[in-house]
Amino acid sequence: MSATAVHSLWTMAGGVTSAAPVEKFKAPVIEYTQLAPVLIVIGVAVVGVLVEAFVPRRARYYTQVFLTVVALAAAFAAVVGLAAGGYGTTKAHIAAMGAIAIDGPTLFLQGTILLTSMVAVFTFAERRLDPASHGKHVDSFAAQAASVPGSDSEKAAVKAGFTTTEVFPLVLFSVAGMLVFPAANDLLTLFVALEVFSLPLYLLCAVARRKRLMSQEAAVKYFLLGAFSSAFLLFGIALLYGYAGSVSYAAIANVVDGSVTQIDPALADTMGNDALLLIGGAMVLTGLLFKVGAVPFHMWTPDVYQGAPTPVTGFMAAATKVAAFGALLRLLYVVLPGLAWDWRPVMWAVAIITMLGGAIVAITQTDIKRLLAYSSIAHAGFILAGVIATTPDGISSVLFYLGAYSFVTVGAFAVVTLVRDAGGEATHLSKWAGLGRRSPLVAAVFAVFLLAFAGIPLTSGFSGKFAVFKAAADGGAGGLVVVGVISSAIAAFFYIRVIVLMFFSEPKADGPTVAVPSPLTMTTIAVGVAVTLVLGLAPQYFLDLASQAGVFVR
Amino acid sequence: MSFPLLTATAALPAIGAVATAAVPAARRTTAKWLALVFSLATLVLAGIALARFEPGGDRYQLTESHAWIKDFGVRYELGVDGIGVALMALTALLIPFVILAGWHDADPSPSSQQSSSRGGPNETKPYRWRPTQGFFALILMVEAMVILSFEATDVFLFYILFEAMLIPMYFLIGGFGDRAHTGSDENAAAQRSYAAVKFLLYNLVGGLIMLAAVIGLYVVAGTFSLSEIAEARASGSLSMATSTERWLFLGFFFAFAVKAPLWPLHTWLPNAMGEATSPVAVLITAVVDKVGTFAMLRFCLQLFPEASKWATPVIVVLALISIVYGALLAVGQRDIKRLIAYASISHFGFIVLGIFAMTSQGQSGATLYMVNHGISTAALMLVAGFLITRRGSRLIADYGGVQKVAPILAGTFLIGGLATLSLPGLAPFVSEFLVLVGAFSAYPAAGIIATTGIVLAALYVLVLYQRTMTGPVKAEVQGMADLKVRELVVVLPLIALLLFLGVYPKPLTEIVNPAVQHTMSDVQKKDPQPEVEAAK
Amino acid sequence: MNPVYYLYLAALLFTIGAAGVLIRRNAIVVFMCVELMLNACNLAFVTFSRMHGNLDGQIIAFFTMVVAAAEVVVGLAIIVSVFRSRHSASVDDASLMKL
Amino acid sequence: MENLIALLVAAPLLGAAVLLCGGRRLDRAGHWLGTLLAAVSFVIGVVLFLDMLGKGAEDRTLHQKLFSWIPVEGFQADVAFQLDQLSMTFVLLITGVGTLIHIYSIGYMEHDERRRRFFGYLNLFLAAMLILVIADNYLLLYVGWEGVGLASYLLIGFWQHKPSAATAAKKAFLVNRVGDMGLSIAIMLMFTTFGTFAFGPVLEATGETSEGKLTAIGLMLLLAACGKSAQVPLQSWLGDAMEGPTPVSALIHAATMVTAGVYLIVRSGAIFNAAPDAQLVVVVVGAVTLLFGAIVGCAKDDIKKALAGSTMSQIGYMILAAGLGPIGYVFAIMHLVTHGFFKAGLFLGAGSVMHGMNDEVDMRKYGGLRKYMPVTFITFGLGYLAIIGFPGLSGFFSKDKIIEAAFAKGGTEGWILGSVALLGAAITAFYMTRVMLLTFFGEKRWQPDAEGHEPHPHESPKSMTIPMIILAFGSVFAGGFFSIGDRFLNWLEPVTGHSHGHAPVSATTVTAATMVVLVIGVAIAWTMYGRKPVPVVAPRGSLLTRAARRDLLQDDFNHVVLVRGGEHLTRSLVYVDHTLVDGVVNGTAASMGGLSGRLRKLQNGYARTYAVSMFGGTAVLIAATLLMRAV
């Protein structure tokens, strides 16, 4: 197409007044029912903002908690409804003018995200752990995020009993983004969704009540690196767009497959230029691998996990991974299967160094939250092994693993919020010595989570690990399985270390106390344990769900 | 659908474990009795299973099969052959004794109570740590898992238990150390958790490598059910490439060799047995480790016959090394329990040798050996435990002339020792001789080398007995009490059993023989024929 | 004139931005470099849009701007709060958490 | 009748069980019960014997199968007994002498508070020994074989508070175990060769296999025999075994257990007949031991050790005879029986002496005891005459026959063996005379011991003397009774077979020669110990004497090579296990930690570093993908 013709594209719209283009204009069709989950969450989030504006301070907390939980529950109900309606399997299709794909993976992941965020939100709402200041219960968020730590304004805010109830709408926005992320069917939606769920997270990281400096530092690091990575993602998108002339997955896939035959000679140098495709693909992958925290894009993880308020960490660790892996799956299975031969070796390498790197560095960690961060990196590696399988089995195994893993993570971080001393949460491992003697129950629960992380049989961790390894082996990635096994062995070492610490070492005199939480956190932990054990003992039903959901629509 | 006997046998102790754990902190004795009752009930069930088992019947009996995890090709399949039922019975038999012997091992020791009263502000609230309940609950939990693993005829199910049983064992070792330790409490605690971690990591690594093999097996076979795999083999629909089979075999064998333990993967055992209380040590060597040797017989040979034959020479050599090496190190030990541990290593060498001699005598011998070694080690170790708790030291050098002050203790100890050196007339002799004959008829050299084991065994047992029991009475030993009723109740039945099985092992062999013949046909091995058919 | 040059320019800008992120200490500047990268992307989008002769690229550019704006809001908020509590906008000072 | 056989074993076994489990309340009656049951067993033996005499020579073999012991595919081991003339001989010897020694012990152990247990052990020994000799297959024989080993272990170490006793017991068991190793290997060989190890089938089928196999089996059996019968090179334990109570030395380490090796070889005659090489080794061992023992016997001042040396040497004779094959089997057994009588008698005599001398064992501290304990003197004397082979007494007949047989072996071999046997006879005469002189003649040389009260030698109680008298009768008449009309020969021949070798020298010459050497031996002894007074403190003596005092340095050799070497080996192995085997694993763990520590450093907290890693990662990612396409 010649330059003049391109020019006419907008001269026509602007200059000549004729009805023709107006008739050409076709109103977009939006399947609102099928987007219901997202819409509900976003809607309520907006309402939440209004609540912040208009509802008196006293009532805000309860209103927000109520709204949030209701929203998530409703959205989940909607997802279930859609799934029941067969949108996961037979009626799976592309919705919203090709922007969103409603199919098995989408619904499964949305369901997982919604449930995990629900239990995570319980920990957000927990207000019994911190000693009540000035007779008012407080949660783990700053009285007034804007006030400088240690300043008079902060003291005043605390005295006034302010609380940052904005976190709830923020969570909802973030969740909304996460819901769209794995469903995104074109790169633009992908990008926007990414930002939508990232920005609130940046903020949430910054609003811890205790250790605010660290919290803010975490936020800065997360934000800058996140922005950096999304820039890469965006440039990659740009290149892919240049390659295919479109950002829709289907279109790009077609070009990759070469099913688009006629290429305008004028565009020969860009259209279908594999250099663009490869570089662009690689950069998009970078963006996504950053979010899943794969080596070498993982370095933000420990710092952010450590600095962020623990409830946020739990939410982030669980939900972000789910969403990001969903998007990664879709990208690799829908857009890039055509060049599996190009990205597979690279992903192999990434998976291997992720598994080993995460496990090895975790050995010498001394802070429980950093430890869990590194373990999450190692787990990302395991999941990647499943992703690389590129078989339907691979998809479902990854879905299952994500489901299993997210609940364990939320539960584990919820337990971390309970162990406290004067300075807030006692996250240094040495403080955990002898916890098993002081409060056997909590220690036992945490041990269950650790064993699940370690992939000991009869826990969900084992089922998940077995599923992905099986898929990988089936998909001809036996090597990854071996590496995975080795790194699990290494990983086992530090999980065991924590258990030893909790049970076999004498409690320190100035050791931390275990706060008795409100039903909220109890529910979170209980759900975590329940899911861990159920998926460990009788995973069949959920495996079925996952395998039914294991097909992408294109 | 008949009564699921096997499930019940495994479920009962599991329930018992939960019940015991639920007993309130103050009611320690209740917990103990509860655990004992449950273990006895389990013994009864196991006895019924043993009675219901027909030696002549199908290979696997009392079978149960339910769908479990379809996607993994996993079924909940149970069934016992002669070997399984024998070991199951052994487990059920030993646990009550273990519980009785450990009756006071988990009472909160004065030292720990001091530390709890010493401790920080939060010690004002009642001491919530309930060691006693935990101890017995964990023992029952181990029993449940071990029994189930002897019954599992589904590789995956077995694997899960094989791994899962590590956790309770781990807590038993690390959480309830032997009070009779050398050095300070902290030092002892450190050694203890080192031992526990070592135990767990060794076995976990073994298990994880096995996991890779298990997955590989699934990729090859598409199922985990022994019976289905056997059918597939028979029908020829399943044929493994030689290399694949070998790799898978190695994956499995490694895990079992760690558990067994076979040289050079044995070093975790002495630490574990040394640091654990002697009942737990018995649990390790007499019960849990048997799963490893059992699995070699059940899975390695049955799933990978060709690879097993391929690996036999190396394994036989390793077994021989274990026999001699273990015995020599036992001679060199200064710690009673470590000595017994190394003796066990030597005995496990015999068991493995018998299994991989791949002759009827060898394998029957190996199976009997598992049972007899269980009983004899239990007897020796428990008496040693009684001795150690009296004097509060594990060092041989701290004893002397005990038999003068506590003749019954010394006598039972001697009998345990004689069983360990497999004196004819006591059960271990039968199995050891069978193993030797089996090994000799397949590999004469191996047979002869293994025979040196009997001399070394005599050496370490008699040296131990001489140093501890004979000679002038040591001052610290003066006035040591002889065995109490509870302790006699533990030891005497075991000794009686040793004598009975030594004189009349027929009931056992009759159960075991058919199973062994099945295994022999699995590996398509015939016994070497005697040179002269003098029999007729 | 060949639109490919614009691509080269975009790539150049992107690289400059990236380099800035790696080199500069001041959080604000780092952040501006990120913005620069985003704008490089925009340029690329627009260029490709012209080359392909469809409008998607330009639309995306608008989206990018909006997102960038949102990012500015969040980013500045965070950076400012950090600046107020530390009296320094250097990213290297924010290194409490390490190892 | 067959059913009685089991009772032979059952009676003492019951005794052992009751006495050992019975507890204190049996302390008063225990020894009577033990003795009674031993006697019962003896009576049963006699009954069976009479019954056997009533039958023809060919159908004198009785069988009794109790139950199938270890039924395993292709492997049949039964608990079954076989009682033929050979076994019968042993049964009578064991139960007879055994009963006597039970009676003797009643008096001897009177003051020991653990007497009950002592009798329990004695009964246990009887049971095991009987199993050994009436088993109908080698595996069951092995059971008895180890059983007597255990009993001997318990009895040698009966006074466990004495470290020396405990050590001696351990040593005995260990050395025996080495022998047992041989037996078990022999059994395995039989199993792989014949598919069975029951006497009948094996011994009949010897013709059907290679001589090499048989030689191997034979040598292994010989190893076993060496262990049990204290033959070179496994003889070292017997001397120390004298730590045990004297009745034990008499019963186990003189009359019965130590002769089990001879039984084994004679029983397996068919195998040895077919394996001449093995036989040669047997005779060599026998010859060497009979000299070895004799020499040691000459040097010892401890009366029991001296007797022990003589036992060794006498058994050497038996082994030698057994090694001669059919020529010698019968005489080996005959000498075994007579030796059973007079050696038991001698030991009991020694015990009686010690009993009277506050358990003093050093002969140099005796002297002139004949006045104080006449009965002991006479019985001991008769035993002495018997053992040196005084014409007309037991030893004369049995030993003489062996020497003849040795010559009859023929060839240089025969000459060598014969002359060795003769030499042995001379030395025997010497050391026994020495013992006699030192103990009963000359001046009294005992002094007050440390506590100052000096021993009052006195005759032992009836319970002790009566057995001695009975045994003395045996040692006087048994030989003659057996030899007249070749009774013993005809009795045993159906089992062992017999052949008259062609003696190069006539029997009379041999007898004459024996007489000559006997006189020489006695004469030398007389000149050395009879004429001039004996120093209480042993003179330094010649090199040979000193060596002989130390069992010809055998123990020193064992100590240096085996004990020390073993200690070093085990110690170094413990080290290896800890550093190498364990170290490898710990090492990997440690290196993992180190690696982790180094990788950690990368996480330096600077956002820009993280950005660099991301940037680099992306670059690598892109490069890699492009490369993938390029290649």
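Every chain is named by a letter (A, B, C and D) in the order it is written, and numbering of its residues begins at 1.
Everything below uses one rule, namely that a contact is a pair of C-beta atoms (placed from the backbone, for glycine too) under 8 Å apart; a residue touches a chain by one contact, two chains touch by 3 or more.
Note that the structure is predicted; figures quoted are calculated from it, not measured.
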Request  = Could you name all chains that are in contact with chain B and with chain C at the same time?
outcome  = A, D
Message = When contacts are scored as defined above, which chain pair ends up with more C-beta pairs, A-C or A-B?
response = A-C
Key: Identity of the chain that, by mean CA position, is farthest from chain B   = C
Inquiry  = I'd like the Å distance between the centres of chain A and chain C, where a centre is the mean of that chain's Cα atoms.
reply    = 23
Inquiry  = Could you work out how far the Cα centre of chain A sits from that of chain B, in whole Å?
reply    = 46
Inquiry  = Roughly how far is chain B from chain D, centre to centre by C-alpha average, rounded to an integer in Å?
reply    = 37
Key: Centre distance in Å when chain A and chain D are each reduced to the mean of their C-alpha atoms   = 81
Request  = Please set out, as single numbers or ranges, the residues of chain D touching at least two other chains.
outcome  = 589, 600, 603, 605, 607, 611
Of all residues in chain C, the ones touching two or more other chains = 18, 21, 30, 91, 94-98
Remark   = Among all residues of chain A, those touching at least two other chains are 220-221, 224, 228, 232, 302-303, 493
Inquiry  = So which chains actually touch one another? I want all the pairs, not just one.
reply    = A-B, A-C, A-D, B-D, C-D
Query = For chain C, which residues are in contact with chain D within the complex?
reply = 18, 21-23, 25, 30, 91-92, 94-99
Message = Show me the residue ranges of chain A that touch chain B in the complex, using the header's touch definition.
response = 436-440, 451, 456-458, 462-463, 466-467, 469-470, 473-474, 478, 481-482, 485-486, 488-489, 492-493, 496-497, 500, 503-511, 513, 538-540, 543-544, 547
Request  = Please name which positions on chain A make contact with chain C in the complex.
outcome  = 1, 3, 5-6, 9, 145-146, 148-149, 188, 191-192, 195, 199, 202-203, 206, 212-214, 216-221, 223-224, 227-228, 231-232, 234-235, 237-239, 241-242, 245-247, 267, 269-271, 302-303, 306-307, 370
Request  = Quick one: which bits of chain D touch chain B in the complex? Just the residue numbers, please.
outcome  = 20, 67-75, 79, 139, 142-143, 145-147, 150, 153, 157, 160-161, 163, 165-167, 170, 173-174, 177-178, 180-181, 184-185, 187-189, 191-196, 201-202, 204-205, 208-209, 213, 566, 569-571, 573-574, 577, 581-582, 585, 589
Remark   = chain A contacts chain D in the complex at 220-221, 224-225, 228-229, 232, 274-275, 278-279, 281-283, 285-286, 289-290, 296-297, 299-300, 302-303, 341-343, 345-346, 349-350, 357, 360-365, 490, 493
